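Both complexes below contain chain A, partnered by chain B and then by chain C.
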Partner chain A sequence: MTQAAELLTVENLNVEFDTYGGVVQAVRGVDFSVAAGETLAIVGESGCGKSVTVQSMMGLIPMPPGRITQGSARLRGQEILGRSRLQGREIRGAQIGMIFQDPMTALNPTMTIGDQIAEPLQVHRGLSRAEAAREAIRLLEVTRIPEAATRAKQYPFEFSGGMLQRAMIAMAIACKPEILIADEPTTALDVTIQAQILDLLQELQRETGMAIILITHDLGVVARMANSVAVMYAGKVVERGSVDDIFYRSAHPYTLGLKAAMPSNDPTREQSLQPIEGSPPDLFSPPPGCGYAPRCPHAMKVCQQQQPLETALSSAETGRPHGSRCWLHDADSPFKPAELHFIESGGEAEKGAIL
Partner chain B sequence: MWSFILKRLAQGVITVWFIATATFFAMHNVPGDPLLNDRAMTAAIRANVEAKYGLDKPISEQYVIYLGNLVRGDFGISFTQENREVNDIIREHFPVSATLGILAVLFAAAGGVLWGALTALYRNRMPDYLIMFFVILGISVPSFVIAAVSQLTLVGVNSALGSTLLPVAGWGTLSHMLLPALVLGLGTMAYLTRLMRSSMLEVIGSDYVRTAKAKGLPAARIFTKHQLRNAILPVITVLGPSIAAITTGGFVVELVFAIPGLGRYFVQAVQQLDYTVIMGTTVFYGAFLVFMVIVVDVLYGFIDPRVRMQ
Partner chain C sequence: MKTHGPTPLVEVRGLTRYFDVGRGRRVHAVDNVSLSVAEREIVGLVGESGSGKSTFGKTLLGLHDKTAGEVLFRGEVLPAKYRAADYQRLAGNMQMIFQDPYSSLNPRMTVGEIVAEGLRLHTGVSNAMARERVAEWLGRVGLQPDHMSRYPHEFSGGQRQRIGIARALILEPDFVVCDEPISALDVSVQAQVINLLGELKESMGLTLLFIAHDLSMVRYVSDRMAVMYLGSLVEVGRADELYFDPKHPYTEVLIGSNPEPDPELERSRPSTAIQGEIPSPVNVPAGCRFANRCPKVMEVCKSVTPQLIKLKDLDREVACHLYE
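After this line comes the complex of A and B, so read on.
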């Protein structure tokens, strides 16, 4: 599946946590890849392992209790998992920048914004204090913060949430990373500020050509930002493909469920918001079969018993692979690909036919 | 910042006035009076002496006179120590107590921050368990027991060495001060260690430390620039009350180590109902503590920008 242009390739990543209640298998074999200059969105509901996936890759998971049991992540072909702490530091902040969900708590309250942006420059680029401070002001200007020189001397509590997220972005792109990981960057912000932050990310991507890994549960944000999408459920990527594949040729029942659960202001669509019934499986003892089977309207016997493998679907003109981990699409499925359109309508009659 | 300091000082003056008033009336309500001890006390002498000290006047008038003298900085003359001004007693003995107290606070603060940070970094591992064992010991064993035991140990060490490593008691040089200051600061050090440990654990798990890691900073830089400064804030908050605890605890330690501090006069004066010395030492200690708390508050403002701005 790997293409020549892939910048970052993650294969079969498994992460566990030791807790008092037992071992939680938070990430259970995740694969995805990002090409240079493109945006990959990782979507899924809370607790599906989106954040753990990227944070374990970045070495931000405290170990113990966390543990990467299997898998690889290669940046330009170089393995970055399990490297010594020192080498990990050369990647963090330098080759991969990261911004977080809540800018209010993600910045040090007793250090000026300018100093915090200057830090990675001093550490990775070896700039002097004065040079780094000047560059920090320039970065604040790049992220459209007015009166950057004054602002650089202020503390986080003197900034608004949107301004803080801009400062976070300035900090993350300080060393011109090849990849920016944005972990729910707009979840804690007002809707209008959300739009500004997303615009800013897109502009910066156009200017610098960096790849963005965007973690979100907001399909609206995905549609607006992403080139390709990985849909995660219960620690696995259940469907991945180009943004058009995911939205217009959705294959996995979970992706369809997510789409149906999206609120719409389209007057021609009369149906109300349809929630996905039930709750995700307990990751202390993950089910032997597909994690989504208990909630899936199309579940078959095999779904409860065996993990579905990823089936490559005919990818359209986009050239990006489109795959789904669902028994419905397996070669041994009782349905031929052409017959599977019924699941998109999600009707009750068809559901009965399958069971 | 200046208006903040002025406001705190004004509050401090009111606090000291309150301390003086409360002590004054409490003291006069203690049964007995300061002249009971003198044997050759006839009615005539008693009247004379009462007139000399103003004790024959109504208590409200005495209070007004007292406050007037206090404002002028005059604490009066001791009842039991002939012709000795309270001001002289304070001037002579307070520097000794203050030196001991400040040294003890320095020990306590430095030790508390250091051990607390260590236990948090080595959470649930051997160094954590070991330090926390001594912390529990330091909190639960009273200072006079530790003082006596440490003296006994020191005697043993000195005689084993055949020379004096540290003097066992007395006052004068820095070597006299080390052991009493350590003993005096130990309880507070233990308390600050626990506080620092929990504060540091909170900071270690905070979002901004994760951000610092994501920036690829070395662990040493994360510790000094991001963890320590934020974790130390709660410790500084309790430093004011800690100074109070250490100073009052000083009375006992001064006694055990035969240190000529103010504590002895403070305790004796209450036993002998030496009105002027009680008032003088209490108000002076009170004012000193109030001042130290203000100093700590101002210090806090320099470390935490959020306080500075208000």
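After this line comes the complex of A and C, so read on.
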């Protein structure tokens, strides 16, 4: 199933947190992989575990209360999970850079922007203070910040949201990482600024060949940026595939539900919004079966009882595997693949007749 | 009820709201905005943060004093500065649904108290009657009547927004300003809240001003759409027409920047990102406010402020020198 040149492969990642209310199973067996130069979007709603997934790779999960109970994440074959703070530094910031949703809180308000960008250069690349300061200004220019030399001497409060996100990107790419993780990088920004930041990320990717892992809940941003997509729900990847597979050959009922809940901008196809009723399951005691079953219009008896495994679906020319974790697609499913179009057309399965 | 003629339910004429921020500086939050909303119409107001759309909504409802201009409700001119008696009188007609379902509900009040507060203040209903009405309204917004005794923290974001809707609508207002009612919610829950608003609009004959920055959702929800930039309206028209055929260069950029959930479309369309950011609304210079970022800027734009003018053969108003 895997392609030849996977840069990062995550398998069966499980992360939980101790809280006063009990143990939260935030990530429950996540698999995905990213190839060099490509953009993987991890999509899902708040609480689905998408941020925890990438934070655990970066060693950003506070332990305790957090715990990686199982799984591996290999960067070019080298395990990156479970490293000590110090060992983790070689990965964090150097091979993998990260930008966050809210640049105002992610940056240190008491340090100038230039000093903050220079810091990783001194730590990871061993530059001298003066060299690092010059390099910081060059990086600000790379991220298209006007008057970079003046701006480098300013503090975060003197920057607008869009400019701060550029500064964060400058910092994240300072050590020429192979992977840039962008956790909701444009959620706090207006659309015109979002367009600038997305353009910048794509340009940098073209120039450096870095892979991008983009975490977002916005399917528009996914369509604009991603080569491949992993859709997460209740701590699991429920569907993954190329961006075209996910949008045009969506298989999992949750992916279909998300699409139906958004207004389509196709004027020839005016439909009403179909919300997904209910809310995601409580991850203190996740259901024994599929996490989506309580909200799924096509749920069968087996869905409540057993977790579905990933089924490989026939993938179009893209070459990327397309898989869905849904009993409807299982080999023993009462439905043949050809019959599954009823989901797309919004019809109800005749459950009683089959079970 | 003599409003079935051409009189709009709400008419805003030249509404202006400045904030003095010291040292002679003045924020032009809303500057000479005129907009009318017909009975049972949904008007969507879009714009980037800092464009003044929330201030417009609040000033319209009297939550801010008006610096200039007037608001007419069913033809009656509302006061420039509300006193207690004005709120008392108008609360039953005009209400607001807020953006953040976390900060807009008092955490120390039960849901029952929150939803009943308007009834207690503005009508003389008995406690028993109020409880009955609250129970009815919780049901109407998709919650359980026994949720009344719970506190806001026990609810999810979508449920809290339903509480905010019940609070706003229990007085059965005619006109509701919805200020970003769904932007704090997840996609699957947004659709629940939008459909709920749609049902209530139909059953109660509501008129809505729907303020949001999500362009696709505003187009979907609204009959007409108004685009705001730095305190001024730049374009007003029928929602679909405006979305698919924008005339003002800013509207064009705004809609072009909005990524569509369609990979093929996204691959085929050129990037329309424009440089620069929305300027500070402090001491706004003369001329068109979009001039410094506009891809089609002309010499006249830098000195003369364009007014909203109606386009020929189109139900559209545009404030741009290109169309004069």
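Rule of thumb we're sticking to: the second predicted complex is superposed on the first by the 347 of 355 C-alpha atoms of A that agree within 3 Å, B and C clash if a C-alpha of one lies under 4 Å from a C-alpha of the other, contacts with A are read in each partner's own complex, and residues count from 1 in each chain.
The rule is simple: a contact is a pair of C-beta atoms (placed from the backbone, for glycine too) under 8 Å apart; a residue touches a chain by one contact, two chains touch by 3 or more.
Everything quoted here is computed from the prediction, not taken from an experiment.
Steric overlap between chain B and chain C is absent once the structures are superposed on chain A; the two fit side by side.
Using the contact criterion defined above for the overlaid structures, shared-chain residue A:D102 touches chain B, although it does not reach chain C.
In the superposition on chain A, A:D218 makes contact with chain C only, while chain B stays out of contact range.
In the superposed model, A:E45 lies in contact with chain C only, and not with chain B.
Rounded to the nearest 10, the superposed model shows the Cα centres of chain B and chain C diverging by 70 degrees about the centre of chain A. In the overlay built on the shared chain, the residue A:E131 is in contact with neither chain B nor chain C. Looking at the shared chain after the overlay, A:R89 reaches chain B, while chain C stays out of its contact range. When the two complexes are overlaid on their common chain A, residue A:E11 makes contact with neither chain B nor chain C. Looking at the superposed arrangement, the partner reaching more residues of chain A, out of chain B and chain C, is C.
When both complexes are overlaid on chain A, the residue A:P120 reaches chain B alone and has no touch with chain C. The least CA distance from chain B to chain C in the superposed model is 12 Å. Touched by chain B in one complex and by chain C in the other is not one residue of chain A.
For chain A in complex with chain B, the residues that touch the partner chain are 58-60, 85, 88-94, 97-98, 100, 102, 105-111, 119-120, 123-124, 155, 157-158, 168, 171-172. Chain contact summary for the complex, chain C toward chain A: residues 48-49, 156, 158, 186-192, 194-195, 213, 215-217, 219-220, 240, 243-244, 253-254, 256-266, 271-275, 277-278. Of all the residues in chain B, the ones that touch chain A in their complex are 206-208, 210-219, 221, 225-226, 229-230, 233, 303-306, 309.
Considering their complex, residues 45-46, 160, 162-163, 190-196, 198-199, 217-224, 226, 243-244, 247-248, 257-259, 261-263, 265, 267, 272-277, 279 of chain A touch chain C.
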